[in-house]
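Two complexes are shown next, each including chain A; its partner changes from chain B in the first to chain C in the second.
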Partner chain A sequence: MNRSLGLNAALVACIAFFVTLVGLPFWWVVSGSIKIPQEIIARTPTMFPQSFTLQHYQKLFDASAYPVYLVNSLIVAASSTVLTLLLAIPAAYAFFRLVFPARGVLYRTILLAYAFPSIVVLIPLFGLFAKVGLVDRLPALIIVNVAFALPFSIWMLRSFLAGVPKEIEEAAVMDGAPTLTILRRIMIPLIAPGIASVGIYAFVTAWTEYVFASVLILSDAKRTLPVGFSGIIGQYQIDWGLLLAGATVAIVPVVAIFALIGRGFVSGLTEGAVK
Partner chain B sequence: MAALTIENLYKSFGATEVIRGVSLSAQSGEFVVFVGPSGCGKSTLLRLIAGLERSASGSIRIGERDVTGVDPAKRGIAMVFQTYALYPHMSVAENMGFGLEMAGMAKPEREKLVRQAAEMLHLTDYLDRKPRQLSGGQRQRVAIGRAIVRNPDIFLFDEPLSNLDAELRVRMRLEIAKLHRDLGATMVYVTHDQVEAMTLADRIVVLRAGLVEQIGSPMQLYSDPDNRFVAGFIGSPRMNFVEATVTGMNDGAMLLDVAALGLSGLSIRPRVMPETLPATVTLGVRPEHLAEGGEGAVAVSLPCTAIERLGSIAYLYTAPGDDATIIAQLRGASAASPGSAVEVRLDPAQCFLFDAGGNRI
Partner chain C sequence: MKNILKLALATTMLMPAAALAQDAVEVTLWHMEQPPHRVARVQELIDAFNAANPGIVVKQEPQNWGEVYAKTPAALAAGQGPDMLFAIPDFTPILKDIGALTSVEDFVKELDEKHDFVDSTVEAYSYDGGVWAVPLYNMAMNLWYRKSVLEAAGVEVPTTWDEWRAAAEKLSVDGVSGMGLPANKQLYTDQTVYSVMVNGGATEIYNEDGTLRFDNPETVGAYEFYTDLHQFSPADSTSWTWGEAEACFSSQTCAMVMQFSVIATYDTQAEGDASDLGVAAIPSKDGGEHNTISYANAVMLLSTDEAKMEASKKFVSFLLEPENYGRFLNMEPGLFMPVTADGAEAETFWSDPMVEKYREQIETVIENSQNGRLFGFTSGRTFPSIAAISAQNIIAETLQSIVVSGQSAAEAVAAGQARMEEVAQ
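Right, the complex of A and B next:
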């Protein structure tokens, strides 16, 4: 490609702008978490830390309930992700491949789940969970997260499945593979990028979910990070160092999951299959 | 190896009937080619045989077995797709062995068969590669290998060479012909390339709009077409069709005035003389039977508007780009040039007559 210098410069400026836009708050949080309190609240903010301390992290892990919340959140988010994938993959394949009555209607209906703001279903859901004894238990949050992540996940995976050339599946049929084997041996490897995206989506939504976690969980020992952490920070006086350290740690699992399953985002996976 | 018999097969997609009562058979070991224009239902017919589509009515038998409702994998059929349809995440060996694995064959045995097929197709060096690391021709060979290892009764090919460049296409065509000789298997091959059809087929099935137009050996279709469609479809360049007025009959031949060729009283023998003479007919003659220096008895003078030189021979066009153009075959070293008139010889014995409905008279 032969781009002019001006265009190149404009592109670089564009990228730089967005990187700054997205990256600057993160840098602020991460760099702030290792500053001593005086520097954090200094009148002229420092872009680069002038001091170094781990005192905020020490306080976070030794003197607060943060580790408990962290573990709770990890349990909820990881279980929600795994469960979402376990349900969404077969469901998407069924919507994609099987012909059954009312398939089209059902397929459109599941997306209707997003027509209602979560706050609307909160009260009836609380009543429901109270009846079956799920209130103040982590499975309640897992169920809610999965229920909200599923429709979009199914919808997304189905379009990834639709991107696999029909002949590949037909070749597998001719080779004598049963439907579930085709799903496991042919389709899942081919839609790995889609599965990775859905996994990340499910994890991040569960990791950051606040409304349900704040209502369905009553005891402090069962709180997840978003709710629990907001309690740590304090109602009348804000410990900025603690806040920044907690926020930094909360980012870590999300970054880790991106690094881990983000590998699945390999493009051109079906390259060479058909042409 | 098994014979294939199709009887009165129908298939529609929604309201459109795509296959409209097709009956045909392929003997054991025969190479049958389906040809026809795009959209005539060739692929659909092949997919019906494979079991990837279900017919509305009619029956398909392989050998003595009625397979009309049988699962694709249980029909003893292997199919090679136009798009190769390899499993992109599996190696060449895994691609070829997948069907055997599904059939429950043990690994050592599987590997042996895969290696045999790979040797046959010169793929031994590529067994560990992924499809994306192969060239188009190699991919197509893997697709064929995947079919071979399963030792099917019938091979189905759906335009397997149409994605390859011209040179490779010729080479693969010869390889497929050799494969047919070596395996002696029944093969059904779809193409819209009539050269492929002529060179590969024991028998050609000409399809048009979901119906069989004619079935016969390549030479039968070439020298004795049943109708104008088949006559026009088989042979390259295509047959010339010109309108002719019937002026009478003489000794089992029709007497024709052919304005387009400047002929009157041309005497052509029909296949069977109709009881009442039609007023007009369509005369069909192939370029090779309207040839400069040919053996035909009738001299025809044609205006040369364009000339296409292929080296050993050349083709003359009277109105290039027009459907009504007449194409004649010239000598390779012909002195003809655009603007001049060329005398060619018409062979009346090689002319065909068609009625207004396109049927052979």
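Right, the complex of A and C next:
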């Protein structure tokens, strides 16, 4: 199919517009992080840095607990992602394939947990975790993140499982494969893009979680990035360079994970959409 | 045998240290001074205290103002709360009402005899027959400007509302905003609006019997003036917090701003010429006494354990000693002002390089803070509803009704009082 020059130009203009729209804030943050303080807050903003400094990064890593927050966030987000996937895959398969009483009702009910505002359960959860000694411990955040990510992950994965042709599963059954083998050897490889999507979803949710992390964690050494970082930048007096450097570093893991499994994510989104 | 002897010897040597560590009283301090340099300064003082007091171990856990209101009651209920907690006046009633505080009146009296507190800082925590926190440092709102900018425009430092408006209008040229004023539904706007109110005869928002008197002609007049002045502010000031106002001033986009302090940002992120930085009291309606909003930050002592309470008192006493107090205040030079007479003269306070450089401005700020007021804490009595009124930023919300929604000042103030009565129930 040949497209006219005009149509091509319009498409390129459209793409350029959206790339600029999405990319500009990132460019602003990243380029600002290497400007000197005077240029950052200059009356006439500069799109391209007229100065260069790494002082904000130096301050971020040398004079603040940012590296500690970063490591804590990586532990919490990675653990939450792995645990969510480990629980969501068999649960989604069970809802998809196994027949048990009240399956339909349960399947719909689990989404209620996803719809529940986190602030409502914050204080009771604090009391509960305090009783079992989980306050001010990273596992508390992992449990909460998994609990909130799991319902939507199960829902999403079940849709991907439903997209797998039934004949493939039937052939495996005829060959005598047990349920777990079918899941492990056939279904998981086939829904890999869906798993990538859910993984990214769980990671980003845990990476950006603020409410529980701000209340369940008491000590500075256990803080995750969103909470720790909001404290570093100050209230009455904002160090804009530090803010921009911290924001730049904070998006690196998310960009990295998208770069690694982004292809699977996009394909997963598409497959889920056309089921 | 030789190994057993070695082990026995090592055990004997380590015993006193272990026993000491076991006997040491551990107290936890929660504060909301989270920027790294402030945490580092508090830690320096804690280390010095711990070294001088082997029987006590103080540790700090910095918190965020955004969460501490919800987090503290939950943590206390779960037995995980702090022994000392920094506070502003409207935070204290929340903890007092849940029975987490005991009066520290005698302790404050003892400290007052030794250091002489600024009266208004103690008054902010004195009500219902007790004193509920120990004042630590003060923050007062001021009018900041550049001397060279005012001189170039032929404008005198304003002292009355009329002069203030005229100055803001004259300074609003070539893309510069004459006066940076926030109109966000946020604490900063509460503070700037109240700073205008206290200079227009609208200091009290409660009657003596605890009923609200927010809706009165003086308050309406203050809102009318603020709204009029706000036309000389940048368009995005409806979403400002402190940082944006400071950046506006530092970048010379705003000729004047109301702030607690701009010194640190001006020095590190702008031109940093101390001789050009001007600070004045907030102009009053008719040029009479200049008042301002001031936040007497304090520390609440929460421990129910006698040994921990004594250890906490010892640490607070240590902080207020002039040889330590200046270093404590200068965790953010130019922002935190002394609340004691001997602290205001302390060598440790004035010898900080930044304080030395901006001495003239800091002396003015200290002078201005003497006339500090805080809404809901002005009559010697406080009413529990002030915590909710403050938490919901109703003073700022009232301004937004005028600036954003276009209501008249009289309508918005009447609606503001209705909202206050609603949340007070």
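Note that the second predicted complex is superposed on the first by the 258 of 275 C-alpha atoms of A that agree within 3 Å, B and C clash if a C-alpha of one lies under 4 Å from a C-alpha of the other, contacts with A are read in each partner's own complex, and residues count from 1 in each chain.
The definition used in the following text is that a contact is a pair of C-beta atoms (placed from the backbone, for glycine too) under 8 Å apart; a residue touches a chain by one contact, two chains touch by 3 or more.
Please read all numbers here as calculations on a predicted model, not as lab measurements.
For A:Ala247 in the superposed arrangement: first (chain B), second (chain C), both or neither?
In the superposed model, A:Ala247 contacts neither chain B nor chain C.
Could you say whether A:Ser214 touches chain B, chain C, both of them, or neither, answering first, second, both or neither?
A:Ser214: touches chain C, not chain B.
When the two structures are overlaid on chain A, which partner does A:Ala91 contact: first (chain B), second (chain C), both, or neither?
The answer is neither, since A:Ala91 touches no partner chain.
With both complexes superposed on chain A, which partner does A:Ile232 reach: first (chain B), second (chain C), both or neither?
second
Looking at A:Ile123, would you say it contacts chain B, chain C, both, or neither? Reply first, second, both or neither.
second
Would you mind checking which one, chain B or chain C, touches more residues on chain A?
C
What part of chain A is in contact with chain B in the complex they form?
Touching chain B: residues 165, 167-168, 170-177, 181, 185-186, 189-190, 268-275 of chain A.
In the complex of these two chains, what residues of chain C are touching chain A?
32, 34-37, 39-40, 61-67, 70-71, 74-75, 77-80, 139, 175, 241-243, 246-247, 250-253, 260-261, 264-265, 268-271, 332, 335
Any idea which chain A residues touch chain C in the complex?
Against chain C, chain A makes touches at 37-38, 40-43, 59, 63-65, 122-123, 126-127, 130-131, 135-136, 214-215, 218-220, 227, 230-241.
Write out the stretch or stretches of chain B touching chain A in their complex.
Per the touch definition, chain B meets chain A at residues 50, 52, 72-74, 77-79, 81-89, 98-99, 102-103, 130-134, 136, 139, 146, 150, 163.
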